[in-house]
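Note that the chains are named A, B, C, D and E in the order they appear, and that numbering of residues resets to 1 at the start of each chain.
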């Protein structure tokens, strides 16, 4: 059992037209851990992820964050509570520079700022911080480049820098390694490891070696249900999991 | 959402230095130069060209820039901006004529009307996206049109005529075209600078982020609908400012200002000049108004030419005049 | 903007040859009307033709007056009309604007003309406000107005026994004015209004309103609308068998070209008031024949006739005053009686109202018609002194 | 005899019937828009102009070639449909990789061009087109005089709408269409020529508009602007219906015709705006429209 | 082992090649996913593409089917180069695709879904034969396509491409998310199809399932085929495979 639960879902269920994508899932994420959500294709990982980040509204079930019921909250408000998600495809602002990308996140500290009468120079106070964050993911040299022109791996890095700028208490990463080459995988894994200090991370990931390396705790989903939970060693020996991944033959 | 392709095409263009060389008001130098140039043109203009024509160009330039704020920077295509332009024009005309308000108060009142209307319609319209948003704004504008046809104070199809230009602050007689001209120049310039500032404000930054990637903005904690509504209201308000000013220039508020073709025209101006560029809509407005003025003898051909420009712009020329120019000069304009 | 119809006749040469003593005057006439919209047929290019004929018939060149005619399309929009009028007066040296159908456009031009102190001879617009509250020392309203139409049609119909009226009114200022004026006339003549329905403007389907009119028990359905709305109302009234059902249709603003567009099959039996019809007498027939030759065989409307007569009268005043000073010319126009082949003899009143007879016509059945453009039979003449609103009832500030 | 809100029930029936007639046009036009939107994801702003073209082509066929109404009812939609096919191939097909709003702008520009051309050629006062002799006259239904032609309009619109519904919902071709609407890539991978399907669909949607135009020619005046204002009302109908289903667009079209008809009785001044008011309400309550799939 | 050697080994495995894939590159938008895939499929055999998630298996199928917008290299099917052809032409040449997400159309009934793909040539199964394979479908003909259970949807997705007469079937993870008993049924089906002369390329994560139906396995990693293993040699290569697949 986990002692200090930061995020918990109870009986989480999502029905789409005629089929149940996520079925009565209970989930507890311990504070300060790296928790991975894995499972074969179609297991409902991404749906589950979208439910937790409120980009989808659950059909049934409750979600609590830091003891607070967030089941009916808007996604933007979740972010304000310190729970920030990433996206499977790179989610940068292509027409802003890398620096501006990060700054958009830093700017959030100013609240919902509708100050259209002010010059954006008031934002230059954030430039130092933004550059430092870019530096952290190895993008300092690209600060003035429009994000849309960066190569894919760098976009992912920029995305992480942007997310970090919010200094979230909890990070939800949707397949951070999707579509990456070997070197990139290592680099991003390193970054994730580094940023995990003082933070909780929940990630959906296919790359099991990355999961093995990073995640302290793993929840395996299959066909919308929780199949198993535990650390890598436990989970990887679970026959149900092996069946789910390796599969059963027909004879 | 809108213009994703256009902007992708522009990504290679925009590589502003980390801290752009700033002139006054935090503008890059070339923008400052353009503004100074525009002001100079505005000052010389009435001695070269017919001032009433120039005032019309200015009113529409402001209208188009206000519209572009919504489309080019907010990513929202409204097909009903005539509603704000026209209703402000009616209210300021009525205030000046029936209540004898001074011109500056009449314009303010008209602009405020557009703001309120923008708030109400905007709050409803932003519930839909993309094409639906366009159609919903169009339908709202039609409601305003029908209201304008039937409400007693608008004078139906006669419109509100012989609106007195009055005395600015009760002092300066705006009767002569020249003196009105400089008021219109001042208003337009103020409006353009304000729009420029909005685009380059902290708010404008968030706006561009939302336009680029709304889900990501949400995940960063921005309540994007509030920003969209805010820019909608700002755009409607500035469109109202343009409409209210136009009512004084022509001493007339009429159904043309609220008809849906007016909404189409402002889209055309913006598209032609270059949406998402600071100066494009001004050029677009000048071209379209000039065409209407100097080609009027061609009758329905003007409509046809406008339609052809629409088609050509969409098919081949999505960056618009200034967009293309900006690409050649490798500077965002 | 302006279609310059270079109609400058070799005035100097003509002056030298004829050796008249008159100092040379050069006049620019702007024909401002609808060239592509719903009133294009009844005004449009035909009005330009009419203005040219006036210049020719007047022999302007021989009299030392150089006349240039320009024209433009105001698209029936007051803002376009006002822009063009402004530019004509400010920049292009236009002295007089003629025609201008569509009340809103006419009122706009009326204002600007007064402001710039030029001359405006309106033929195309209906609003009686031009010689009422909005009357101007610079404006002459030539051909007709809503009061005259309402009065002519309204009183004649009641006299003919059609006492119970139902109005189909376009729901905007113009339609309401038409309805109001006609109601006054009908009631004064002893008729009554049994119902009114205000339809959205512009509309396309009037069947629902016609059905309400049909079931109202009225003797006559008054169409207080204009242009396309009127055409569609008449078309659909015929479809719903309104006239066969014994109800009469009175068009309060219908022109010859509307009948032409509708065809007699549909329009037959319609009663309407106009101030001119090409087939009235030898004078009108001769002129109209000349007009048709220059205008694709189309017969003139009363609006085009009014442009001709107005320009003619203006040129006479210019000749008489020996210059084109607007104040002097306007005074002269009002002082001189008018006379032309089309409207006969008449006068221009202090408020700018041109006074002449009006006529009540009924549209012929296809059997009665002898051929193209043979559309009307004259039912009654409304004498000039009764045709228009009395001078003291218009609330014109010029009339004390 | 009792009265309903001051209106005798017979009169009410009459008005409802007339509302249904108007609804026929809404239904035909919104159906065309829905069919086009379904597969092309484009709001066809040219629809109004194409409706107008239908009426004009019927007029031209009669006046230049002596071809009567009945033949025009078939020929005009085919001719206008072919122009639609050309437009799709030449222009619209270049926009599929772009944001759908460009389609809206392009078709808006096309509408301006088409309307302008007709205005130049034929003016705007409208051209006469007679009701075909077989359908002239009318019948007395007791509560109203129903012109035969109006009855024909309702009947034939219903038939065409239902036939379209049948083709789309119940035939193999319709199955291709529906499938391509959901997943054009996969349908292409089955060996179906999706681009051609799209072209034909556009042509068919346009033909529906033209068909409505021919139907309208004898009762409204044939004039270049006849579609311009109507199309905006139809857009509102479409927003209310929600573009979700073919049947939805038909039902919404006829239904709103009825509601508009009732407004004409109780508050005629408001009849032009009632559809827009309903639209605002629907948007508040059901942003996706009555039959729409959620965004 | 070099690519060329790999190919040679593959060639020797069976008769003539029905599908020859050479150095195919593919992109999703800006992301370069396939980095030179090469392999062969012989008429009548069942091969699988094995590999981790994101290795490029599905993308390879899409490249063959012609529904990957940007692709380069050479794909020869039945003696004909198809790399530049649109998907519909490739389909008409006799390739059929069953996508991972099954692609059952919600607005179509089961029957319509089944009858949707047009016949491209003779030799396809009759509807009765399909019902024999998947008796469940027969009972649900009139229900909405997406109202079926996951397993039934998968049967429908496979069933409908059997009608068309396509020789080569591309099946993308047909067992994904299905209960074991259904997986078995699908395995039987594939075996029957093989006997009926169909050639099948199967993308699988379910390794045991793959082992039970396939003749050969290509291991895909990083957008390339890095190894090929004959099913008979599977037992001896298990460790290697586990390393490849990361389990």
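Basically, contacts are C-beta pairs under 8 Å (C-beta built on N, C-alpha and C of every residue); 3 or more make two chains touch, one makes a residue touch a chain.
Predicted model only: the values in this text are computed from it and were never measured.
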item: Intersection of contact partners for chain A and chain C; value: B
item: Starting at chain A, fewest touch steps before arriving at chain D; value: 2
item: A-E compared against A-B, more contacting pairs; value: A-B
item: Per Cα centroids, the chain farthest from chain A; value: C
item: For chain B paired with chain C, centre-to-centre distance based on mean C-alpha positions, whole Å; value: 39
item: Geometric centre distance via CA averages, chain E-chain D, whole Å; value: 45
item: Averaged-CA centre spacing for the pair chain D and chain B, given as whole angstrom; value: 33
item: Set of chain C residues in contact with two or more other chains; value: 36, 171, 200
item: Multi-chain contact residues (two or more partners), chain A; value: none
item: Of all residues in chain E, the ones touching two or more other chains; value: 106
item: Pairs of chains in contact (touch as defined earlier), listed by label; value: A-B, A-E, B-C, B-D, C-D, D-E
item: Chain A-facing residues of chain B, complex; value: 7-8, 10-12, 14-19, 22, 25-26, 194, 197-198, 200-206, 208-209, 211-213, 215-224, 226-227, 230, 234
item: List of chain D residues in touch with chain E within their complex; value: 172, 175-176, 178-179, 181-183, 185-194
item: Chain B-facing residues of chain D, complex; value: 41-43, 91, 94-95, 97-102, 104-106, 108-117, 119-120, 232-233, 235-236, 238-239, 269, 272-273, 276-277, 279-280, 283-284, 287, 295
item: Complex interface listing, chain D residues touching chain C; value: 11, 14-15, 18-19, 21-22, 119-120, 123-128, 130-131, 137-138, 144-145, 147, 149-150, 219-221, 223, 226, 229-230, 261, 264-265, 268-269, 271-273
item: Of all residues in chain C, those that touch chain B in their complex; value: 1-3, 35-36, 72-73, 77-80, 82-84, 86-87, 90-91, 102-104, 107-108, 111, 127, 171-174, 176, 200-201
